[in-house]
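Please find the structures below.
Each of the next two complexes has chain A plus one other chain: chain B in the first, chain C in the second.
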Partner chain A sequence: MVVATAPSQANAASSQRAGPRTAAPQTGFAPWKNPDLSPMVRFEGITKRFDDFVAVNNVTIDIYEKEFFALLGPSGCGKSTLLRMLAGFERPTEGRIIVAGQDITDMPPYERPVNMMFQSYALFPHMTVERNIGFGLKQEGMSKDKIEERVDEAMGMLELRQFAKRKPNQLSGGQQQRVALARAIAKKPRLVLLDEPLGALDKKLRQQAQFELMRIQETTGTTFIIVTHDQEEAMTVASRIAVMEKGLLQQVATPGDIYENPKTRYIAGFIGDVNVFEGTVSKVSEGCIEIDAADGYKFKTKSSESVTVGQKVGLALRPEKIRIGREKPNSDVNVIPGKVEDIGYLGSISHYHVRTAAGERITALRANAAHTVEQSITWEDAVWLDWPVDAGVVLTG
Partner chain B sequence: MRARISDLKRWYVIGAPFLWLLVFFLIPFFIVFKLSLSDVATAIPPYTPTFSWSKGISAFISQLDFENYTFLFSDPLYINSYLSSLKIAFFSTILTLLVAYPMAYGMARAPKSWQPTLMMLVILPFWTSFLIRIYAWIAILKPEGFLSLFLIKLGLISEPLQIMNTTTAVYIGIVYSYLPFMILPLYASLEKINPSLLEAAQDLGSQPWRAFWQVTFPLSMPGVFAGCLLVFIPAVGEFVIPDLLGGSDTLMIGKTLWTEFFNNRDWPLASAVAVLLLLVLIIPIVLFQRQQEMEREAGR
Partner chain C sequence: MKGRFSWFNATSITFGFAFLYIPILLLVIFSFNESKLVTVWAGWSTKWYGSLLQNQGLKDAAWVTIRVALMSATVATVLGTLAAITLVRMGRFHGRTLFSGMIFAPLVMPDVITGLSLLLVFVALGFDRGFWTITIAHITFTMCYAAVVVQARLQDFDKSVEEAAMDLGATPVSTFFQVTLPIIAPSVISAWLLAFTLSLDDLVIASFTTGPGATTLPMKIYSQVRLGVTPEINAISTILIGIVTVGVLSAAFFTKRQTDRAERERRKAFGATG
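Up next is the complex of A and B:
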């Protein structure tokens, strides 16, 4: 039931507070809500079959200018195939791809206004950093001086000037990653594609690189599309996230929305930690749904989900939304007793793994503020879990 | 004590190939070198040794002359043989490269499951004797051979082709025989190239043909270099192919050497030709060794 670990939790929560980072300079950056804007990239009913295997199944997505758009999903979900179709390395079996109003479905890769940063970086091993970055400009037939100028600009942006004359194999992984990014932006394309760009970096470098990606995306004002299997990465960098599973598009929303209002159990479990209670809808009143769970416990939650009485649903609860205490709260809904099985102490916060009477394992988070020390909860303690009515999300899928 | 034993073991391991080279390469070479310094004679064996243990080294040195070597430079036949061999080897190396590159490229780009089979097909000719394969070419190239008959049947020519016993036939023979030595190193270096490099080149606006020249070809240079040397070095000293397929006007040092040795029975002069041939080839051999070393270091 519980997927990820504490730091990811903290990260997801922080990004949720700050809202999508790309939107930070101009709050309310939400071109997808503006019906007058036409999308920068449009995937129109894209299906890709390899023999019998359906890699991408009837996917339609609109991506707008200056977005930092993330395609998120486990390996084999079709996200990379979708990106490769946009770059022109694969042809969709069905559907059209439109970039800036132009149908590019049948255009060869070398004519597309798109540059890609490859997962393996794909730096040319026989060329210096300078020549790698200038490769795309040279293909355009740009003059030597102009190429030099643009390469220098890109190298300055990514702090690569001192490595200009080195070959890729003389650079560290982080430096190679920056060269690959510099090469992808040197031509000032309208669209930069990033295929698992940080997958080869260790965790600390990866976090730095994520902020660097966002900085470059903001300063160049380019539309970025990133493919990643790392939900934390997607939450950190993206303005919107498209979650994919088995070739199907599951949900497209802002990181905050995906975290707060996941549409399905799959998404709820994929993005951050989550507890899911199974139950049956007992009452639907305006804006509220009541659920009968196992062992006679009653849950009530605010939801606009359209459900009918008797329907089996799941109730998703983020660990940080669940209160944990020794005293029974004064409420008869959204309360459940249990026994502490495990505690994960992580400094600023602790994870409490609680086994309910029905045998479910629930994770709750508690900040380790000083005043809680005296009434600290320890192993085998009988505890009560409770949460407010606006904490849970009803899952029908 | 233990260190010494392991030292000993190491010397044993390194010593085995050294011993092999000493017995089968270095000692024969010195025999040939010594022969090249002696004088021709009507005897069995047909030379008089300049060095004998009874007279000692000082006598050998006082009698020492390089008359066989100076003779090589006085008669233009030998110089021309060397130059002609180098020329034929050079052009057949280029021809082999031109034929082998597309084949190696095709192999490297073929589906992974086919590659062992294709490799097998390249090596397959080695299962038949080299001599028999060259004789087969005689049957193909001679005026009443398969090639001429086939082309006459097609109506493309009316007279039989005169390829047999010409330098053209030698080129065909060399390109055919040495093709696998060119294909294998080329394939090895082409196969190593990450396909995403080509995608990156195209993504950055390079058309496939330009991407080939800017990325694939430079990255296959180690294979090109190794293949060319593997063909060029033995082709210079080639004897069987010019002897069987070439004409009387095809001058190659291998043939000249054979004639000196077996027809003229001038062992000392033939030995001098052989020693000089080795000297001529030292430069490409050293180049090849250095390139192999660089490859090994780059692979580390």
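Up next is the complex of A and C:
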């Protein structure tokens, strides 16, 4: 288990960095890099307008079979609308939706090969857990024995057998959530949509439920698409994340890529903690960009970003990549002095908030490796911050 | 509602209830009067209930009334439910305000006007007035009550439950019968009971739209009273009061039990899980 108790957003994110997802199928799982594969779901230039309001603006995404794909963004960014268009509850104003090679844009929801888990769970209050889960199978006209068998299988997978005869209002929130999930997977659809599925659970239950979602997704081999506003959740469960803002698609990448190579300041700030230094490009040479920052400090970073000399850019640095020390490092780039303003001691790690001469407030993380309560660096200390050339990300947007 | 007891409140409540229920109470008591004279008490008796059974005219009228009420309540509930669903579900379609206004207008329309206008329609269309015209008239005026009752329930209905049913492969029609209707059933039953009792005691609209051979109980009672109140009328009225009371109470009971049970089960579930 990785750092799961620390409240910082960066922690869950950094746990992701420690390696690919622990589950076997995800190792080296990257169908989006394979040009021979055709996507399972394709959003093709999707735009949705409600009167004058543009909820989704010309979004194109390819999602591949067996992916756990996350649509991430703040509320009102259009992610739920996109999902509802895939389920068939909204019609796109422009664009096509293709699932498994079939254009389903004009297909009614009850004919689509997708099943959805709703944010409110939307359980049928007048039916028992059993009948809720079997509802979709009954619509297919499946025989009673077969329905019973499949319902039992789904209940077993989600540990619901003991509640089979209960009505939804006799269940706790966590149990209802599992019934909703069981109902969505009972028909064994090729595609399961999850609309903020864990939004109503408390933090501890939510973490359990996230791992449960991943387990179900892996054992059934189904493609999952999840909508969430919780970046930690997206980082934990997803194979790839699409970040949306104001109806626009900002970036689609793996959690690691989103964290390490955010395209814009918005994404850098939305996912985890980040420090951004402002500066001007002074030199561009084979794979490296040099930046002049305030007070004559020079930064150098590996980057393939296409920039021109004189362009104003930002340099994003994750707190855990910044070293903090009392002695001046033996280097003339990526070094900046400052004064410790604040220390956040979290047990396993400490956050150091350092004010630079130019007035910027920088956060650096340090693992508390030594078995001592004494801190070698304390308030008001003059310190030096430095980082390697491959630590920073140049932001142009 | 733990307001302090005050003499003013107590007095107004006493007068209010007295005003409402003393006439009814008197009627019920006098239906058990031994004497033939309505206003003179001569001891307890149930003989007027017995003589009701011999009165063919009253029995016929009762039978007509019940048939009209059963039929009009059923049709009005179906139409009212459909109207309520349209109003709540269709969102902001063009002319929605006009549509809802037109459905609810008959609630405040004087019975005399409703009755007269329906009579004009039936005459214009050349309908033979009688049992069927009363039934149609009762459907018209009770439908809006049914719509109001069902609409109130639909307003706090989670639409995603219907979406979930469709998502799982149920067509809109099958979604309605498998999901929507069972969930709103208590309010539909309440609507039916309300429509039934309204039809049962309508006098004005029935008088306008009736024809030969179709006399409802309220009409029969009214016409007999003009010749003088007999203890028999008191007896039949008491029975009517009984039926209406049972109808209204069971409608209320049905809704209450539904919400109580849901609340109890919710508490039990959360108590069990800590």
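FYI, the second predicted complex is superposed on the first by the 369 of 397 C-alpha atoms of A that agree within 3 Å, B and C clash if a C-alpha of one lies under 4 Å from a C-alpha of the other, contacts with A are read in each partner's own complex, and residues count from 1 in each chain.
Methods note: a residue touches a chain if its C-beta (ideal position, glycine included) is under 8 Å from a C-beta of that chain, and two chains touch if they have at least 3 such contacts.
No experiment lies behind these values; they were computed from the predicted model shown.
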Joint occupancy of chain A by chain B and chain C, clash or fit: clash
Partner chain in contact with A:Glu140 - chain B first, chain C second, else both or neither: both
Chain B versus chain C as contact partner of A:Asn261, first or second or both or neither: neither
Which superposed partner A:Thr236 touches (first chain B, second chain C, both, neither): neither
Contacts of A:Pro125 with chain B and chain C, given as first, second, both or neither: both
Contacts of A:Thr301 with chain B and chain C, given as first, second, both or neither: neither
Partner chain(s) touched by A:Ser172 [first = chain B, second = chain C, both, neither]: second
Which of chain B and chain C A:Thr223 touches, first, second, both or neither: neither
Greater chain A contact set [chain C / chain B]: C
First (chain B), second (chain C), both or neither touched by A:Lys187: both
Shared chain A contacts, counted only where both chain B and chain C touch the same residue: 87-89, 108-112, 114-116, 118-120, 122-126, 135-136, 139-140, 183, 187
Residues on chain A engaged by chain C in the complex (per definition of touch): 87-89, 108-112, 114-116, 118-120, 122-126, 135-136, 139-140, 167, 169-172, 174-175, 183, 187
In the complex with chain A, residue positions of chain B that touch it: 194, 196-197, 199-208, 210-211, 214-215, 218-219
Chain C residues within the chain A interface of the complex: 158, 160-161, 163-172, 174, 178-179, 182-183, 262, 265-266, 268-270, 272-273
Chain B-touching residues of chain A, taken from the complex the two chains share: 87-89, 108-112, 114-116, 118-120, 122-126, 135-136, 139-140, 183, 187
